[in-house]
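Multiple structures are listed underneath, in structure tokens.
You will see two complexes here that share chain A, one where it goes with chain B and one where it goes with chain C.
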Partner chain A sequence: MNAPFTIAASGPLTEFTAVSKWYGPVIALNDVTLHLGPGITGLVGPNGAGKSTLIKLLTGQLRPSLGRVRIRGLTAWSAAAKAWMGSCPDVDAFYDEMSGRAFVRIMARLHGFPARLAAERTEEVLGQVGMAERADRPLGSYSKGMRQRIKLAQALVHDPELLVLDEPLNGVDPIGRAELTVLFRQLAAGGKAILLSSHILEDMDTLADRIVFLSRGRILASGSLAEIRALLDDHPLKVRIGASRPRELAARLLRSELVLAAELAGDEVVVQVRRPKRFFASLAEIVIEESYDVERLQVIDASTQAVFDYLVNWNP
Partner chain B sequence: MKTPAAYRSSLTGHIRGSAVLALVSLRRMVRSRQSVVCALLLVSAGLAAAAWSLRHAPVVQEFVSEVLLPVYVSFLLPMFSLCCATPSIAADREEQTLVYLLATPLPRPMVCVAKCAASLALAMAWTMATWAVLTWFAGPAGRAVFWPFCPVVFWSTVAYVGLFHLFSVALRRATVVALVYALFLETLLGNMPGIAKRVAISFYTECMILDAGAKLGLSPTVGREPELLLPVSGDVAWTVLCALGFLFFAAGVWRFSREEYA
Partner chain C sequence: MNDDTHIELAGYCAWSGRLRPGWLSTWPIARTGLDLVFRRKLFWLLLGLGLLHFLFLFATIYLKAQIRVQNPSVNRFVDTMLKSVAGAGRTYRDFMTAQGTVTMLLLAFAGEILVGNDYRQGGLVFYLSRRVARRHYVVGKLLSIALLVELTTVLPALILYLEYGLLTESMSYFAENTRILWGILGYGLVMAVTLSLLLFALAAWLPRTVPLVMAWSCIFLLLPAFGAILRSAYGDRRWLLMALWRDMRLIGSWCFGALESGRDSPLLVGSIAVVLAVCAASAVAILPRVRAIKVVA
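== the complex of A and B ==
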């Protein structure tokens, strides 16, 4: 009965092609080209970078001024594209008089599900987000974390291939964060594409397979943290080395043209290096030659925050 | 049983979703503050009509000129329509819950139609119920005009709901604008000399009442004689109200389908 009207969407899951969006004279997004596939993609940028605009374009709340945003080959603005996408908005707004269970069930019904399937899916996703036992109270009485979980449940209820999560861990307690992180990982492992925006960059370190850095409406870089860091080869990197004879090691390292600075921190040496790949190769040679006993080697500014800071302040 | 994927973008799914949205919207509106206002208006109208019937002879002419036109047509009818139609989209926009509706695969025109249908159903229930209460408590004079004027109430409600729904779709402060329109502009425009009053919905409502009233032997009220009112025929008034209702509704759907609510 449904088959004749079902749109068999095809093509890449999500693509932004030369997308620009401006509000009057203000350009919010500038010539953005981006493809999203399975896995977790983190969206990072300062306020005004264009994150919200990008998310609103993807969820079909806005139309691009130039370019195309497509989900499974369908224009993101179109109703059909939204069947493939689940959206967890950052706004903390609900029909507060409804229970969480009723809200999720209604969202399932709005996706066209018959009552029985809607009820089944509702129980399934409430279980997934850990709200099955607590979903009968009015939404207005929920804590921030519970509201986030209900938002996530309504985004999952139609089993979309793409999940757009805007600050999904905001207000969630540490245990909840850990639980939801596991859930996001499970969803990604199941083949879903997740676009996750968060202002807490530490979240990205543990969660995102791939990160899109956005600033002033442009994509500064995208890829895994390691890939992006490797691209920033000329940019100094801080490395902490725990080794025997740290004073001697520091002096030895300072002779290398790749080491810009070195300081002693207890039993460890913290060096600022350029061209990290070459430095690590050279460090290996030094350690072998001089028989240093290296106990610990840690890159201390390759986190999302550090890479992001580099990118934002980078003037090649 | 079909999987969730089987319901993606299916026509039956859209129809089912729209029906659910209309019911949910209706239920939320019934439980809203606007319903309290409407209930108070209804009770007040009943009491006023009862008080009027105690002091006046049961003359249809007097009921029309002292209750129907000044109280019901000029005030209650637009107020009920306003209370039900203005929050339709504007409330979701203000409460930021529109984002959930726009994230569903329901086509935007269907979202708009569902919301408007809920508003129209509730507004019609209030206007008709109040009309029934008003005419019942007004005694024989009121009861005599209940059925003949029902179409007037129906089509005026359609036109007002269409207009206020358009406000709801297009304006951020829809309620304020609708109140200004209903309480000031309609009155002002409806009492303008010459044909200027033809831009007011209440003018066509009045023309339909005059037309239906003539069949009942009513004559125009003082100050609203044909040479001053310059009325159009009942058929023309009905056509205009129908057309306005449809045009406002279509404009609302068109605007909602294109508007970026972000």
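== the complex of A and C ==
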């Protein structure tokens, strides 16, 4: 656990307990219960799903209509709770005349750092996000990617345990994305909890340890992508197998009750299977028994996008 | 690879230490506001305009002192000719009131930078994601506005007061005129509190410059004009209470002990009531703009 500063706090890092939030007659979040722990949690949902509301509740910008949001046992909108949380909002209209360095330093000062320490912390985090050399320019002259880095720097400046990142890779160039991805992974590996919202679902495939799928204010599913995918019995998993004797392999697989359909595509077989864990175990047995040479094995529709589509269109 | 190694690789250095209390964060908020204001040339121009009046009085006081020293026989003539720099409470009250014109202009344009931008561009999110409560944010912003007011009114008045005292033959001026010192501070406080609350409230609801300047003009130009018309029509001086700047001036006169008993005294209570009402209404208007939505149950 990182610096708790001088604030006494206990309890889970982040907990949403039966949280509902409505704006007049419109319900934005409906009975959401969620716990966030160390690692990267992706937040995925279509427009209007309640992602922004959930983030605003967590960062203390809003109070719930019902239920409670707590960070280390403190109500999320209290000033004390902010010591544990760093927020990187999607807003990037700063004070255009101010330099990036001054902006981050002021944010550190607002956390209660004395001037000298604030300056030291500022230099550290600017180095971390790769902005140390460019931080003296006015914020108004920054590209979208540079603004994202500065926002990240101000979120990290007080060494929080929880990072709430709203579209943090939006507008960042490919090299920057790779750098920031590594940074996120390293921070998560160091025990920090990161809640990451992104509309680019491919980001989630590589970044998120767990994903929370939101739709119409409710949590549709949460857990690792593999866990969620395995639960989607209505949507057989598509697996592409590149092997020797594909026709024979397809015929052999069709004899299994776990395989619903098989299709030949060149030297590959695309099968639709249910109960993926059992299927992969039986596939291994078949391959050994029949001496097939398997060159490729790829799950086609277990990406965040595919799971997201299944969940959103799911009608129980 | 353990957790610490990962953190080390990230270039991350955990910090542990004692943080300063939230109230001290109001100063960085205020300083940031002033810093942003003084990056604009327009504000230096307005300050320069305000400084012209100050420099004129400063030079006049100096000139008067020099004439007195070189030719004491013309003392009475000089006092008659330069009534406006007599060194009495009224001199400072009138000076601070005159500075108000520049202060009004300065605040009308600074409102967007100091407060409006936080609402229009979402800067409030950054402040409120820090370890500062909403009250710290509000106080910090009010402080930045109040400092602008003090900079154009109280500070130059204090300098003139010092100059006047130092250029008299003895230091007795300070001892005999302590009321003036309290008057400067009191009038300054009334202006700072009233104007900062009013500007914050207006800029929080009208964050863009044009609507803000229009609303500001309505309060400080249109309402007084309307009050004057009503006064002429009905012959009741209480209509003049609609002029907020005049109300503050009246309270300032009382602070300086320069109240004109026949003309001003009857309106003093009304002026205090108007100023308090404006402050209370502004505070009420500010609250919903900085508060998270209420808990329903």
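What we mean here is this: the second predicted complex is superposed on the first by the 306 of 316 C-alpha atoms of A that agree within 3 Å, B and C clash if a C-alpha of one lies under 4 Å from a C-alpha of the other, contacts with A are read in each partner's own complex, and residues count from 1 in each chain.
Here is the rule we use: contacts are C-beta pairs under 8 Å (C-beta built on N, C-alpha and C of every residue); 3 or more make two chains touch, one makes a residue touch a chain.
Values in this document were obtained by computation on a predicted structure and should not be read as measured data.
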item	value
Clash-or-fit label for the pair chain B, chain C on chain A	clash
Touched partner set for A:Ile27, first chain B, second chain C, both or neither	neither
Contacts of A:Gly191 with chain B and chain C, given as first, second, both or neither	second
First (chain B), second (chain C), both or neither touched by A:Leu260	neither
First (chain B), second (chain C), both or neither touched by A:Arg63	both
Partner chain in contact with A:Arg116 - chain B first, chain C second, else both or neither	first
Which superposed partner A:Gly127 touches (first chain B, second chain C, both, neither)	second
Touched partner set for A:Leu183, first chain B, second chain C, both or neither	second
Which superposed partner A:Phe94 touches (first chain B, second chain C, both, neither)	both
Partner chain in contact with A:Met85 - chain B first, chain C second, else both or neither	both
Which partner, chain B or chain C, touches more chain A residues	C
Among 2-10, 20-28, 56-64 or 164-172 on chain C, the segment whose C-alpha atoms clash with chain B after superposition	20-28
On chain A, positions contacted by chain B and by chain C	2, 5-6, 59-63, 79-80, 82-83, 85-87, 89, 91, 93-95, 97, 106-107, 109-114, 117, 121, 154-155, 158-159
Chain B to chain A touching residues, read off their complex	1-14, 16-17, 20-21, 24, 28, 31, 95-97, 99-108, 260-262
In the complex, chain A residues that touch chain B	1-2, 5-7, 56, 59-63, 79-80, 82-87, 89, 91, 93-95, 97, 106-107, 109-114, 116-117, 121, 154-155, 157-159
Chain A-facing residues of chain C, complex	1, 3-4, 6-7, 9-22, 24-25, 28-29, 32, 35-36, 39-40, 117, 121-123, 125-133, 136, 292-297
Chain C-touching residues of chain A, taken from the complex the two chains share	2-6, 59-66, 77-80, 82-83, 85-87, 89, 91, 93-95, 97-98, 102, 106-107, 109-114, 117, 121, 124, 127-128, 154-156, 158-159, 183, 186-187, 189-191
